[in-house]
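Sharing a structure, written as structure tokens. Questions coming.
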Amino acid sequence: MLSVTDIHASYGAVAALHGVSLEVAEGELVALLGTNGAGKSTTLKSIAGVLRPTQGNVTFLGEDITSSKPEAILKKGISLTPEGREIFTSLTVAENLRLGAFASYDRSRYEADRDEMFELFPILKERLSQPGGLLSGGEQQQLAIARSLMSHPKLLMLDEPSLGLSPALVEQIFELIGKLRDRGMTILLVEQNAERAVQVADRVYVLNTGRMEFVGTPEQLEAELDIASVYFGSNGQKSEVTL
Amino acid sequence: MSPLGKNRALAGLQDSPTIGFIALALVAGAVIVYVAGSSVLVDIYTYLCINVMFVLGLQIYMGHSGVLNFTFVGFVGIGAYASGILSTPPMVKAMGVPNMYQALVDVHMPVVPAILAGGVIAAILAAIVAWPLMRLSDAVGVITLFAGLIVIHVVLTQWDNVTNGPRTFFGIQSFTTLWVALGGAVLTLIFAYYFKESSLGLRLRASRDDRHAGRSIGVNFVAVRYYSFVISSFVAGLAGGLWAHYITSFSPKSFYVTEFFLLLTMLVIGGAGTISGAVTGTAIVSVMRELLRQLEGYLNNSGAISFEVYGLTEVTVAILLIIILIARPEGVIGVREVRLPFLSRKRRPIESAEDTSA
Amino acid sequence: MIGGEFVINTLSLGSLYALLALGLVLVYGILKLINFAYGEYIMVAGYTMFLLGTYAGLPIWVNMVVAVLLAALTSYLTELVAFRPVRTHAFHAMLVTSFAVSVLLQNAALLFVSPRSRAVPLPAAFNESISLFGVVTPLRNVLTIVTTVVLLVALSLLMKYTVLGIAMRAAADKFTTTRLMGVPANLVISVAFIISGFLAGTVSLFWVGRSASVDPLIGFAPLLIAFIATVIGGMNSLVGAVAGGYVYGLLFNLLSVLLPASMINYRDAFMFAIVILFLLLKPEGLIRGSYTEERVG
């Protein structure tokens, strides 16, 4: 479904990705792991059109989207739930959701779509007319994901959904991610919480300072790399400490 | 700690051959123009040299911080008026500015101290006014500086007792010859280069794009901007004084938005952050402006067109600036100083930087 | 001294200032750009009134409508031609570009029309005095207040209840994230500029209505007012802009009344000094918006 081939990306003069490739097949849940600053968010942004790769290609459903604008990429079916949630704090929950449906708005379906969201995230129905800024961290994360789902994406990209959440909420989020995958959603998940991500993923990529260090199944990952080194970036050598 | 630091950060000064080359080019140009004997060309070149001083002075704060500093021409005006008042003989002042305060009429000093005093007065005023401004966020800061220029302009235009109000202030001695202007330009060139490479200049640039990053390496953002602003205003005042003693008569109109726009264009077209860029841009715009002014005069006087032509210069300069910003926003010269192949110099290793933390 | 006439005057002046500030903040909120060319949209409307009024034999209200539409069009075009290309290449250069566009338009008027001010034909009704609550005032003042109220209500409805309005508010909050929702960046920005120009054009009708003349620099004073009013109100909210406008209008009229005749020419300097002092105490202005300062891509 999604094919990223050898992309390079920079922030101004600082190069962040040095030739990253990955693939996501329909229905898969792919996890992209790595330490802080490895380039995981950069990769998602390059796919979503927020950043334009300086080299390489991004292909989605056979179409080259490497230099497409973010709004066009959303229309093609890729939705990015950004790092840090980025919900519109001065807009109400209802308005946030409405905006999520901007590109795919269908008046006859809208109520039903929203009800589906309320089923997955009951708290949003309660807080419907409150400004987004008043929601707690966990509620904001739910809103961010719901907002992305409102556009009926074919590929959902989640950038560090568990960031800054309490362990109980992290559980909730990963449960939700699992539920979405079971419903058939294709998901590309970026996470620092490698342990949990690996438990729910079909395949795993590991990035290290802009280069892909590992690709395979969770079981293969366990065997080859130490999870701890995924946290601390020790160039893939097996160390004494195991998790 | 002194704001300029111990200048251990003047590492290598790799671009000094380029700066030397520019200085030589300026001198050579002056000699050529002088020998050619055309007074028109001498005028243009003198004016060019003074503009170089203005634009490099503007660069000291604005070029490195990225903040649009409208008040710069205001301080030019303050320097011009201050040095003019100080150096002009009392009799001339009494005639030219009927309402002037007696104390100001009586004061009389030689030209060079007067010009220096003009710079100092501008710097003092900048020092008093600027500290609170440096804290403001960029958008509010630009608006405040714009308002500051208006305030200076209003004061210059209204304070009859000092400036002769909106009317022309005349009778200033002619002191700035081609050679004086050239000397000023070369000195400013060297000073601007040293500022750029100094600890203060580096820190100013560091806090430009990302205040938080700058602060995290110990740059005191407000202090750095403040000192740079005062230094820039000092140069403005000095250059204003030299200009006053070149043009010998002027009014507050010369220190307002359009003049700022022209200086801004000179700075940006060449490349706002580099010395070679600033000088190149100044040359381009000064020459263009002269040509267009001749054209305007010709069209108006020859009756070739039935309506009067005003503003042609500004329109053309504005279009040129917009085109450059679209096509090559880093300016003609770009982000790095020009490296001259025949003058390249081995890079010296960086001396131990004792002084980089604030 | 401060009586009914003062109140009507201040409300009228404050209304104009509020509209001015609003037009400026609409663009600033989304693009984080202070648009120096904003004053020139007022000039365009003024010159349209002059040219149509003097040379075309149309009813005066047609002139007014065309003037406002042309101001909106000019605003849209300046964004398309000058700001959009710069926005994508060198974001920080937009401010300089807007300044260049301002100088360009001013001097184009100087060049192609005239450096001298021109008389503008206005509706006779503008200067008719009417009596309101026992106060005698030109009809123009009342029209200003009424028009402003209508526009403010219309704009609020747009912002609150249309998806376009929601998108614009979102764009002012987080521009890049708004694009991730599939909202076209260029659409939102163009609409903001069109409304901004529309507001400027409306202000122009009443601004020119006071002096009955237009000159190339007519946009300068309103621009400055828009700047200061916006800064007073806080640069990050529409409500703040409106509040800033009324406060600034009040300040202007108070100073006009309180300053001795010898100092009246320094009024502008006083006002700015007061505003700068206010900013030192409250740098974020009267009303703190909830937006973060995000860079537009």
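Note that the chains take the letters A, B and C in the order they are written out, and that residue 1 is the start of every chain.
In the analysis below, a contact is a pair of C-beta atoms (placed from the backbone, for glycine too) under 8 Å apart; a residue touches a chain by one contact, two chains touch by 3 or more.
Every value quoted in this text rests on a predicted model; they were computed, and no experiment measured them.
Chemist: Quick check for the class: compute each chain's Cα centroid; which one is farthest from the centroid of chain C?
Modeler: For chain C, the chain whose C-alpha mean is farthest off is A.
Chemist: So which chain ends up closest to the centre of the protein, judged by Cα positions averaged per chain?
Modeler: Minimum centroid-to-centroid distance belongs to C.
Chemist: What pair of chains is linked by the largest number of C-beta pairs in contact?
Modeler: B-C
Chemist: Per the centroid of Cα atoms for each chain, what is the distance between chain A and chain C, given in Å?
Modeler: 42
Chemist: Could you give the separation in Å between the centres of chain A and chain B, each centre being the mean of its C-alpha atoms?
Modeler: Centres of chain A and chain B (C-alpha means) sit 51 Å apart.
Chemist: I'd like to verify one number: the distance from the centre of chain B to the centre of chain C, where each centre is the average of its C-alpha atoms, in whole angstrom.
Modeler: Here the centre of chain C sits 32 Å away from the centre of chain B.
Chemist: State the interface residues of chain C toward chain B in the complex, per the touch definition above.
Modeler: On the chain C side, the touching residues are 28, 32, 34, 82, 85-86, 89-90, 92-93, 95-97, 99-101, 103-104, 106-108, 110-111, 114-115, 216, 220, 224, 227-228, 230-231, 235, 265-266, 268-269, 272-273, 275-276, 279-280, 283, 293.
Chemist: Inside the complex, what are the residues of chain B that reach chain C?
Modeler: Of all residues in chain B, those touching chain C are 66, 68, 132-133, 135-137, 139-140, 142-144, 146-148, 150-151, 154-155, 158, 257-258, 261, 264-265, 268, 307-312, 314-315, 317-319, 321-322, 325-326, 329-330.
Chemist: Please output the residues of chain C touching chain A within their complex, sorted ascending.
Modeler: For this pair, the touching residues of chain C are 163, 166-167, 169-170, 173-174, 176-185, 289-291, 297.
Chemist: Along chain A, where are the residues that touch chain C in the complex?
Modeler: Per the stated touch rule, the residues are 48-50, 69-71, 74-75, 79-80, 82, 86, 88-91, 95, 98-100, 102-105, 131, 133, 147, 151.
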